[in-house]
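Below you will find the structure I want to go over with you.
Think of it as A, B, C and D in the order they're written, each chain with its own count starting at 1.
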Amino acid sequence: MRKLWTPLILINFKSYTEGIGQRALKLAKEAETVARRTGVCIGLAPQHTQITELAKAVSLPIFAQHVDPIEPGSFTGHVLAEAVKEAGAVGTLINHSEQRLKLASIQTAIRRMRELKLTSVVCANNAEVSASAAALKPDFIAIEPPELIGTGIPVSKAQPEIITETVNRVQQIEPEITVLCGAGISRGEDVAAALELGTKGVLVASGIVKAKKPAETILEFAEAART
Amino acid sequence: MRKLWTPLILINFKSYTEGIGQRALKLAKEAETVARRTGVCIGLAPQHTQITELAKAVSLPIFAQHVDPIEPGSFTGHVLAEAVKEAGAVGTLINHSEQRLKLASIQTAIRRMRELKLTSVVCANNAEVSASAAALKPDFIAIEPPELIGTGIPVSKAQPEIITETVNRVQQIEPEITVLCGAGISRGEDVAAALELGTKGVLVASGIVKAKKPAETILEFAEAART
Amino acid sequence: MRKLWTPLILINFKSYTEGIGQRALKLAKEAETVARRTGVCIGLAPQHTQITELAKAVSLPIFAQHVDPIEPGSFTGHVLAEAVKEAGAVGTLINHSEQRLKLASIQTAIRRMRELKLTSVVCANNAEVSASAAALKPDFIAIEPPELIGTGIPVSKAQPEIITETVNRVQQIEPEITVLCGAGISRGEDVAAALELGTKGVLVASGIVKAKKPAETILEFAEAART
Amino acid sequence: MRKLWTPLILINFKSYTEGIGQRALKLAKEAETVARRTGVCIGLAPQHTQITELAKAVSLPIFAQHVDPIEPGSFTGHVLAEAVKEAGAVGTLINHSEQRLKLASIQTAIRRMRELKLTSVVCANNAEVSASAAALKPDFIAIEPPELIGTGIPVSKAQPEIITETVNRVQQIEPEITVLCGAGISRGEDVAAALELGTKGVLVASGIVKAKKPAETILEFAEAART
């Protein structure tokens, strides 16, 4: 099913003021309009508190930003995979650079996703860590050099070799895994460059959520992805 | 306002299977029925994903189980205080024994609650840690010896001196703080004992959420709290 | 005994290249020379691996930079209080801003120090956290606004009110606790200012360890402390 | 060089009372006697505070129990690779189940070891995590199912398939990596079984450090490893 999702534009709402409440809802609807018009798949990763709301409001795949590597039980304040699924999410980010996990926890989180037929998107900071993550067989790996996150300098331009190396090393270990690319993506041409380098989509946050006119930027991204 | 909430029965849904989805909703409605009938305040702390839903479904104070000590920004997978507030929560648990925080993070989380006019309930494992937390001026401190959590052995019976010592030390440092008591509370008499020892309510999880007949247990708790 | 140590200049070697191996030993001996000449107490906090060596080489109080909040047992890679004591340390830093601990862990680490008759120096980032730490009754509290650490801008000049407020709040809760001050201390006058504000010494790192002529800087500090 | 070390018996002193101070020194000397007599390589991983002392006292390879994934700098309370090397260690354990690290930190710690020509021994809890670690190219991987650690039930008997699967998956990804096996190893026959399953040695802690007669147990292990 996730194959149907590519090329994928996955929008991470983080903890941005622009990504909560009514603004989150508006952003979701604008993304849905673009997805319908262009046929490009757009995923949304809002705050946990708005997964249910967004999953009801739009027919786009909704992702959690994180799940904890736990079974149901005595885990106060943790994010339970089952709860995320019941809320309407189809998957989750795992190990984002702002929420790094222990190696064994990444494995458990991926396994929990698999058990619940949810999609795992593991973030990695370089090609070697991507290879390491690949051995755990997530559905997606998103390569994001942390030093470029939020800079507006696209990894596809600044460090294209990291992307191609990641694609190669991941393919060697698990050819089934889909590679996304993130960090500094803020224009359509960055998306196009990412796809040319062998990825199947982008993970983007401030580039869209903090854009002056998010609807236009999403459209720009989608059109670049479609080409 | 929080003064109006005492005596308080605060139900922590943790990551229990019995505390998510439709079961969470049913539990919330049963609690609301008891609160109306007895006049005792009952708070609910569900998974983040269900705060919105429960806040809409019942007129009881809803708490998050955790918020991260952050301002809005680049914090993927974190729980933002503003998001929790927009979802309808009136406050949050902080530093539960299953989600211990660094000292400086506890301070920041309490401050964030205060800024948003939300209520902070800081958990502590003994009287000295309670005194330490009191210096940070949260609204509530919940004393819970971790070794009794989930045992069904009530702290009010097993270690009553921990409760009285906590009440005393907290009062010395900040008389405005309301003390709750948790761990092992599973019967009405445990609630009554907790109040007699000087607390203003209980923090309870499995004692209600995993009870055979939660509605009856909530009622038993509320009646004991009212006396 | 710790009363005999004031005024105290406590030098944190961190993980600096200049603070390991032969350079650590040289620094220790220079500090000892100054301590003998001026009568000012100088403590040293080297890497764990050099506690034994420095404790044998000089007759100055040696501190660990951190101990884990554990009893002897199955804790691979942890720093055991008993091991630190056997190595010749007289105490430890706890909760440095580069090694923040959970609240309950700070309490346990302080208790472990007390059990072994070792000295605890708890670091705190502001006056309120210092008050919170004071309730746990460590021997020393070192107030260090993290934004000034390593800047060369002395807290005693940039934010003198943080120091006086810390001294006041700590005194209110536990008058026996000795307050040190850190962050940005790089000249003798910074030390003098810190003492005038009511502290009993300084916690210093780069100001001495990375100084061009450490021996001269130590002497400058000690002379300022003596006045 | 590490090839010369196999078969390897690597003794983890953890934070055991029996593994610090004079007892650590006595254990080290007994291990050296056995190593000389049998020709089997025996490595020792003491508390950080005793690395220097043991490295001077015996001519056996000394390992740290942990190093932090840092360059020299402002890292109070961290264990710096350079400091461990200057103390005389030849390598370190990384990611022991009692000191689990984030994925990116494991990569950095391995890289730091490589830069300093030190040996990395990464611990993993199952075959899949071992494969993941293998992509990061450490020198050794020690497979230790955490549920068996300290039980006296040897993994080589309880779950032999975990060992063979680990050896296979690691070989596929990086044939140069040497696999050790740990958890529950307490008798010579456990060591022999581990080697028959394709590993090149054992990681052992309580089985030796807490043995009634450690010298005899070390000899039993070494003779089993030699066969």
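General remarks:
One rule holds in what follows: a contact is a pair of C-beta atoms (placed from the backbone, for glycine too) under 8 Å apart; a residue touches a chain by one contact, two chains touch by 3 or more.
A quick note: this is a predicted structure, and the numbers were derived from the prediction, not measured.
Chains that count as touching both chain A and chain B, per the definition above, do not exist in this structure. For chain D, the chain whose average C-alpha position is most distant is B. Measuring from the averaged C-alpha position of chain B to that of chain D gives a distance of 44 Å. The distance from the centre of chain B to the centre of chain C, with each centre set as the mean of the Cα atoms, comes to 37 Å. Centre to centre, using the average C-alpha position, chain C and chain D are separated by 34 Å. Shared interface positions of chain A, i.e. residues touching 2 or more other chains, are not present. The set of touching chain pairs reads A-B, A-D, B-C, C-D, using the touch definition from the header. Chain D meets chain A in the complex at residues 95, 100-107, 124-126, 128-129, 131-137, 169, 173. Against chain D, the residues of chain C that register as touching in their complex are 12, 14-17, 20-21, 45, 47-53, 64-66, 68, 70, 72-80, 82-84, 86-87, 93, 96-99, 149-150, 205-206.
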